[in-house]
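This is the structure, below, for whatever I ask next.
Labels A, B, C, D and E are assigned to the chains in the order they are written; within every chain, residues are numbered from 1.
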C-alpha cells in the first residue's frame, strides 16, 4: 500500500468519525471541535487531490471563519460545559432508518453508474488560473457569479446587523418605540 | 338587432346602481334598467320574427363574433334562436318582477340590486353565447351573486344554504368544465358551439363527455340526486333571490343540457337517454311526494320545483321533437310560474312573518289579491289548462308517448302520476293558507302594494300568454328544436 | 484498494447523510447548523472529486465549491444571527421550544 | 266556417262574464253582478236554443257530426295537435241547451238565494267560469280539448264547492272533489295518450272514423297489441272511462260527490246534479261508436260499473239524513242508470236504444234533479239546516216548493206521465233486451229510488209538525220561485220530447213506444216504494228505527256509506302520506342530502385527521422532505420508468 | 457590448442602483421613514415603469445570463409585485425601525430572482436562488420583538439550508453524470439513467421546496404566519412567481429529454399538492396561515398547466402569476391593513367586517373570488387557462381532479366571505382608514383583478411573448 493511500484512508476515517461524533456527542463544545476536525479532514482530502487552493479556502473560511462563528455563538447562547438535551429515541431510530435507506439508495445508484471519463488535459487549479477565471467575462469566466455572491454577502451582512443588533439599532432610530421598549423592560 | 344590447343594459344598470346615492335612486334605476331590458327582449322577439318571416333560415340570427383569446381560439360569439329568445323573455319578466317585489328591501339596498342585476346579466349572457367558453363564463358569473343574495339577505339557516348552493353549483360547473375541455380538444380546438356541432365526435368520446356535461348542467337544474341544494337554497333566499334561482338560474342548466350536452353529443344522449329518463321520472314523482310532507311554503315550492323541472329533463331524455319542445316550454313556464309563486310567498311572509302552512289560514279575507294570485299560480303548478304548466306538461307527455316500448311508457305514466300528487300538495297548501278560518292576528293585514301587484300581474300575464295561446311559443321554439333533432337523427 | 472516485463518493455520501442525520436528531439549533455545514462540505467534496477524476479539463466543479463555501458562510452568518435573536426572545435555542407556529 | 263562429259565442259569453266580474266585480259591480252574469247567460242560452233549433229543424234526418269551427291551438307533431273547435252533433247540441238552460235557472235562482252574500260578485264570476268550461267541454271537437275543459270544469267545481272558504269542511270537500277527479283524470290522460298514439289523431271525427272501420291499420294495431292481457284499445277506452267515472262519481270514485254538497245549494243543482257530473256519461257517449263497434268488452265494464253504482248509491241514499246528501246519492244512482244504459247499448238501429235512452235520461234528469236541488235549497234557506230531523210539515209554509218538489219526486220515481218515467222505461227496456242481470238490478234500484225520494219528501213536508224558529218569511222571492216553476214544467213535460227522433247511435231516427205490459212492473215497484215510504215517514213513528234495528248491520254499513270513505282515508293517509310521502321526504333530507353533506363533512374530518402532519417541528418537516425525496427517487427509478 | 450589457441587464441594474442608493442613504445621515417611504415607492414605481422600455433579447456572459421578452415581462411582474407591496404594507413599513435595510434585503432578493430567471447554468441558478432566499429569511425576522417572527425566520433559514443541501447534492450528482452545469449543454447529456433520475429528483425538490409542493411544503405555513405581512406577501407572491418561471423554463428547456419522468412526477405531486393544500386550508383560523395553504393549493393548479409541456402552459402560468400577484396581494393587503391597525389576524374576528369596512371587504372578497376562480374576476380566466393547458395531454381525469379541487377551495374562500358579509358580530373591527398608498394599491389590485381577465389582449400579449 502506498503512502498516499494510507493518508487517504486516514483522512477519510478522520472526516467520517469526527463527523459522526459531531452529530452525536452531547456536549456542544465538543461537537464544534469534532466538526472542526471533520472539516480539516476534508481540507486534507483536497490537499490529497492536489487542490491546494481549495484546501486553503476551506481552512480559512470554514475553520477560520464559520467554526469560530459557531463557537462564538455557543458562548453567547449557552454554557459550554452543559450537556445537550436528549432527542426522543423513536425520532433517532426513525431518522437513522430514513437516512440509511437514502444512503443505500444513493450508493447503489453511484456504484451502478458507469461514469464517463474525459481524456481532457487537466487544467491545473493554480491560484492564477482560478483568479483569471473568476474575473473573466469570457467563456468559462465567473465574473457574474462573483458579483452575485458579493451582493449576497452584502445582503447577509445587512441582515445580520439588523437582526443581531436589534437593541442598539432601535435606540438609534425610533425614539417613540424606544420608550415603549424601555417601559416593557 | 345587436345582441350586445342585452348585456349592455344590465351592465350599465348595475354600474349606475353602484354609482347611485340612495335607496330610492337605486330602486328606480334598477326598475328602469329592467324595464328597458324587457323592452329590448320584446324588440328582439319582433326583430327575430321579422327576420324569420323575411326568409332568413340561418340557425342562429344576429350573430356576431369577436376574437377574445385568439391563442385558445376563443371568440366572443353571440347569436340567438327561438329557444334562446324564449329564455331571454323569461329572464326579462322575472327580472322586472324581481326588482319590483324587492322594493322594500332596506338592508344594503344598493348591493342587493347590484347583485340582482349581475345575476340577470349572467343569465342573459349565457343565453346568447355561442361559444362554450363565454357561456361557461356567464354561467359561473351567476353563482356568486346567488351565494351573496342568500347569505346576506336570506333567512333561516342561510349560511349553510348559501354554502351548499355555491358548492354544488361549482361542483356542477367543474364537471362542465372538464366536459367542455374534452369537447375543445377532441373537436379541433374550438369552443364554438356551431363549429363543434359540425364535428362528429367518436363514440367513446361522446360516452365519456356526455355524462360530464349533462350532470354538470343537471346540477344547476336539480337533476336527481343532485337537487339537494334546491330546497335549502330556495327556502333561505330572499324573495327575489328565490325567484331568480328557480325562475332563471335553474333554467341555465336545462338550457345547457339541451344546447350543449344533447346537441353536441347526440350519441352520448342516446346512450344515456334511459338513465336520464329514470332519474327525471324519479325526480318528478319523488319530488312530488317529498313536497307533500313539507310544512314550509318555500320548501313546498322548492320541492315542487324539483318535481316540475324533472319534466324538462324528462322531455330532453325522451329525444323526440315534441318532448323536447315540451321540455323547453316547461322551462319557460316553470320559470314564470315559480317566480310568481315565490313572489307571492314572499308577500305572504312579509305580512304574516311565517311561512309555516299550519300557522296560516283564511288570508283570502284580508289580502284577496295576494290570495287569488297564490291560487292561480297553484293551479298553474298543478297543470290547469289555460295556464302555462298544462301546455308544457302535456307536450312532454305527448312527446314521450311517441316511444312505443314499455320502458318509456312506464316512465311517462309514472311522471304523469305526479299530476295527482301535485294536486294534493298544492291544494293542501292553498287550502290551509288562503282558505279556512282566519286567525285573529292576521285580521289587520294589508293587501299587496302597487309594486307587488305590478310584479304579480306581469308574471301572471306571462303564465296566461303561454297557457292561453301556446302556439306562438311553439312556433318560436320549433326551428331550434328541429336543428337538434336533425343532429340526433344523423347518428344511430 | 486504490483510492479513487468511488471512495471519495462514498466518503462524501456518508458525510452527507451523517449531516442529514444530525439535522434530524439534534435539538440544539447551533448543532443543527453544524450538521448543515457537514452536508455542504460533503457536496463540496463531491464536486471536487468529479472535477478531479472525470472532468479535469474544466473547472466547473472547482468553482462551484468555492461559491458554495462563500454561500455557506453567508448562510451561517444569517442563521446564527437569527438563532441569537431567537435565543433572546425564547431564552433557549432548543428547536423543540420554538413551537408556536403549527397546525 | 266563419259563419259558424257565432256558435263559439255560446261559451265565450259566459267567459266574458267571468272576466268582467272576476276583475271588476268587487270594485264596480258589487250588487249588480248577479244581473250582469244572468244577462250574459241569457244571451248564451238564447243562442244555444237558436243553434238547437237550427240544427234539429234543418232536415228530416238527423244531421251527422259536423265540425263547425276549429283553430289549431297547439301543434304537437305533424299529426297530433290540440284544436279548439266546435263540434255539432245531436248530443252536443242537446247538452248545450241543457247546460245553458239549467245554468240560467241557477243564475236566476241565485239572485235570490245568494243575495247579501259577501262574495256575491265572485260567486257569479265562478258560475260563469263553470258555465264556460262546461259549454266548452260539450262542444269539444278534439279529444284533448275535452280534457282541457274537463280540467277547467273540475277547477270551477273546486272553486264553487269551496266557496265558503272559511268553513274548513267546505275546503276539505273541495279538495277531495278535485283530487279524486284528478286521480281519475290521470287515467283519462293516459287513455288519451294511448288512443291518440294508435289512431294518430286527436280529432273526434277522424278518430272515430279510424277506430271504427275494421280495415284501418290504426284499429288493427290497436286491437292486436296487448298489454297485461288486454288490447291497447281496451286499455285506452277503460282509462278514458276512468276519467268519466271520476267526474260522474261512479263507484268507486264517487266519494267526493256527497261531500261536494258543502257548496252553495244552487251550485249543487248546477254542477253536481245536472251538468258536470254527467260529463262522464257524455264522454262515453261521445266515443260511443268506438266502444260499441270496436270494443264491446270495455262497454261491458261501463255497464257493470254503472249498475253497481246505481244500486249502491240507492241503498246508501235510503239511510242518509242530510237532505242534500240524499240527493247526491240519488244523483249518483241516476247517473249509474245512464251509464249502464250506454253499456248495454249496441251500435246502430234499434239495438242502439240504450244510447238514446241514456241521453234522454240525462236530459230529463237534468230537469228534475236541478229542481230537486233548488227545492231543497229553498227548504234549507228556510230552516237553515240540512238535516231531516230539523224539518217536517213544511208544506204549508212553502207551497210552491212543495208542489214542484213533489213533481220532481214523481218524475224521478218513474211515475207516468212525468219525465222520468219515459226515459227510465227506455233504459229498462234496453237493459231487458241486452242484459237480464242488469235489468233486475235496475228494477230493484228503481223501486228503491221511489222509496228514498219519498222518504225525503215525506220527511220534509209531512211527518212531524213544523216547529219554526221565529221568522216566517215563507218562500224566497220571485227570483227563487221562477226557476222552480220553469223546471217543474220541464220535469213534468220533458218526457214527451220525441227524443229518439233526434238522438240515436247511427243517425237514423228511433221510434219510441211505450209498452204497457213492460211498464207495469217498474211502475208498480215505484208505487210500492212510495207506499212504503208513506208507511214509514208520513207520520212521526218509531217504525224507521225498528226497521233499521232489524237490518242493523246492513243499515249501519249503508249509513257509513259502506266504509268506502274510510278505505280511501286509509289509503291516502296511511299509505300515501305515511308510507310514501314521509319516507320520500325523509330519504331526501337524510340520505340524498346526507350524502352531499357527508362529502363535505368527511372532507372536514380528513382535514382534521391530518392536521398533525403540520407539527410545527422543523426537524419533522425535514424528515418528510427526505422521505419525499426517497419515495420519488424509488418511484421513478424503479417503479415508473 | 456595453450598450448591450446596459440594456439587457437593465432590470438588475436599476434594482442594484436603488439598492445602493438606499445603502448610501442609510450610511449617510439617514432619513425619517415618513420621507423615505414615499421615495422608495416612487423609485420602485420608476423601476417598474422602466421595465417597459428599451427591452431587448440577448445573451450575456457567454450564456450565463439570458434575456428574452418573456423574461423581461416576468421581471416586470415581479417589479409590479414589489411596488405593490411597498404600497400595501405602508403602515407596517412606516413603523419598522429598519426601513432602508428592509428594502435593501428585499431588493437583493429581487435581484436574486432576476438573476435566477435569467440564469444560464446551475451555478448561477444556485447562487441566485440563495440570494433570493437568505435575505428573505432575514426579513422574516423583522418583527424583532415578536417571538413568532424569529421562530419563522429560524424555520425558514434551517429548512432552506437543508433544502439547498439536497439541491447541491443533486447538482453535484448531475455534474458527475453529465460533466456540465450549463443549461445549454445539459439536454444533450441527459439519457435518463438512474443516477440522472436521482439527481433530477434531488434537484427537483429544491423547486418543490420553494414552490411549496407537497410534501416539501411544510415550512410554508409556519413561516407565512410568523413573518410580517410584507414578507409573507413577498414570499407567497414574488418568490413563488419567480420560482415558477424558472421552474417551467428549466423543465421545458433543460430537462426536456426527461419529460416522460417529470410529467408523471408533476401529475402526482400536483394532485397531492392541491388536495393537501385544500384540506389544510379548510381549518385555518389565522388569515396568513390560511392564505399560505391556499397558495399551496394554487401551486397545485400551476403544476397542472406546467405538466402540459407546451408554450400554452408557459403562457398560462405567466398569466396566472400576473393575476395571482393582484389577487393575493389584495388579500394580503387587506389583511395587512387590518392586522396593522387592530392586531387582528383571526378569521373569526373578520365577522361583520362589511358593516364597518365595506371597501376592504369588497376588495378582500374579490381577491378571494379571484383566487377561487370565480368570474368575472381574472382568476377565473387564469385558472381556466391553467386547466385548459393541462388538458392538452388529454389526461382528463387529472383535470377532473383539479376541477373538483376547485370546489373544496371555493368552500374555504367562501368561509371568509361568509364571515365578512353574513355573520353577526358584537364587536366588529372598527372603521379603519387605510393609508392612502395602501388604498391606492388596493384599487390597483382590484382593477387588476377585474380587468386582467376581461381585457383579453393581456393574455394575447403574453402569448405573443413566447
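Here are some notes:
Heads up, the rule we're going with is that contacts are C-beta pairs under 8 Å (C-beta built on N, C-alpha and C of every residue); 3 or more make two chains touch, one makes a residue touch a chain.
Everything quoted here is computed from the prediction, not taken from an experiment.
The chains that touch both chain A and chain D are C, E. The set of chains touching chain A and also touching chain B is given as D, E.
Closest chain to the protein centre (all Cα atoms averaged), using per-chain Cα means: B.
With centres defined by CA atoms alone, the chain at the far end from chain B is A. This structure's chain pair with the greatest number of C-beta contacts is A-C. The chain with its C-alpha centre at the largest distance from the centre of chain D is A. Here the CA centre of chain A is 29 Å from the CA centre of chain E. The mean-CA centres of chain B and chain E are about 42 angstrom from one another, to the nearest whole unit.
Chain C and chain D have CA centres that are 96 Å apart.
Each of residues 123, 127, 130, 134, 137-138, 141, 144-145, 153-155, 158, 162, 173, 176, 179, 194, 198, 221-222, 411 in chain E touches at least two other chains. Looking at chain C, residues 9, 16, 19-20, 23-25, 32-33, 49, 54-55, 58, 63, 67, 71, 74-75, 78, 81-83, 85, 95-96, 99-102 sit in touch with two or more other chains. Contact of a single residue of chain A with at least two other chains is seen at positions 91, 95, 98-99, 102, 105-106, 109-110, 115-116, 118, 140, 142, 145, 149, 152, 155-156, 159-160, 163, 166.
Contacting chain pairs in the structure are A-C, A-D, A-E, B-D, B-E, C-D, C-E, D-E. Chain B meets chain D in the complex at residues 164, 167-168, 224-229, 231-232, 286, 289-290, 292-294, 303, 321-322, 362, 364-365, 368, 379, 382-386, 390-391, 394-395, 397-399, 401-402, 404, 406, 412-413, 416-417, 419-420, 423-424, 427-428, 431, 434-438, 469-471, 474. Residue ranges of chain A in contact with chain C, taken from their complex: 4-5, 8-9, 12, 15-16, 19-20, 22-24, 28, 31-32, 35, 38-39, 42, 45-46, 49-51, 54, 57-58, 61-62, 65-66, 69-70, 73-74, 76-78, 84-85, 87, 91-92, 95-96, 98-100, 102-103, 106-107, 110-111, 115-118, 120-123, 125, 129-130, 133-134, 140, 142, 145, 149, 152-153, 155-157, 159-160, 163-164, 166.
Note for the complex: chain B touches chain E at residues 68-72, 74, 133, 136-138, 140-141, 143-144, 147-148, 151-152, 158-159, 162-163, 166-167, 170-171, 174-175, 177-178, 181-182, 184-185, 208. Those residues of chain C that touch chain D in the shared complex are 20, 23-25, 32, 95-96, 99-103.
Across the interface of their complex, chain A is touched by residues 1-3, 5-11, 13-22, 24-28, 30-31, 33-35, 37-38, 41, 44-45, 48-49, 52-59, 62-63, 65-67, 69-78, 80-85, 87-88, 93-94, 96 of chain C.
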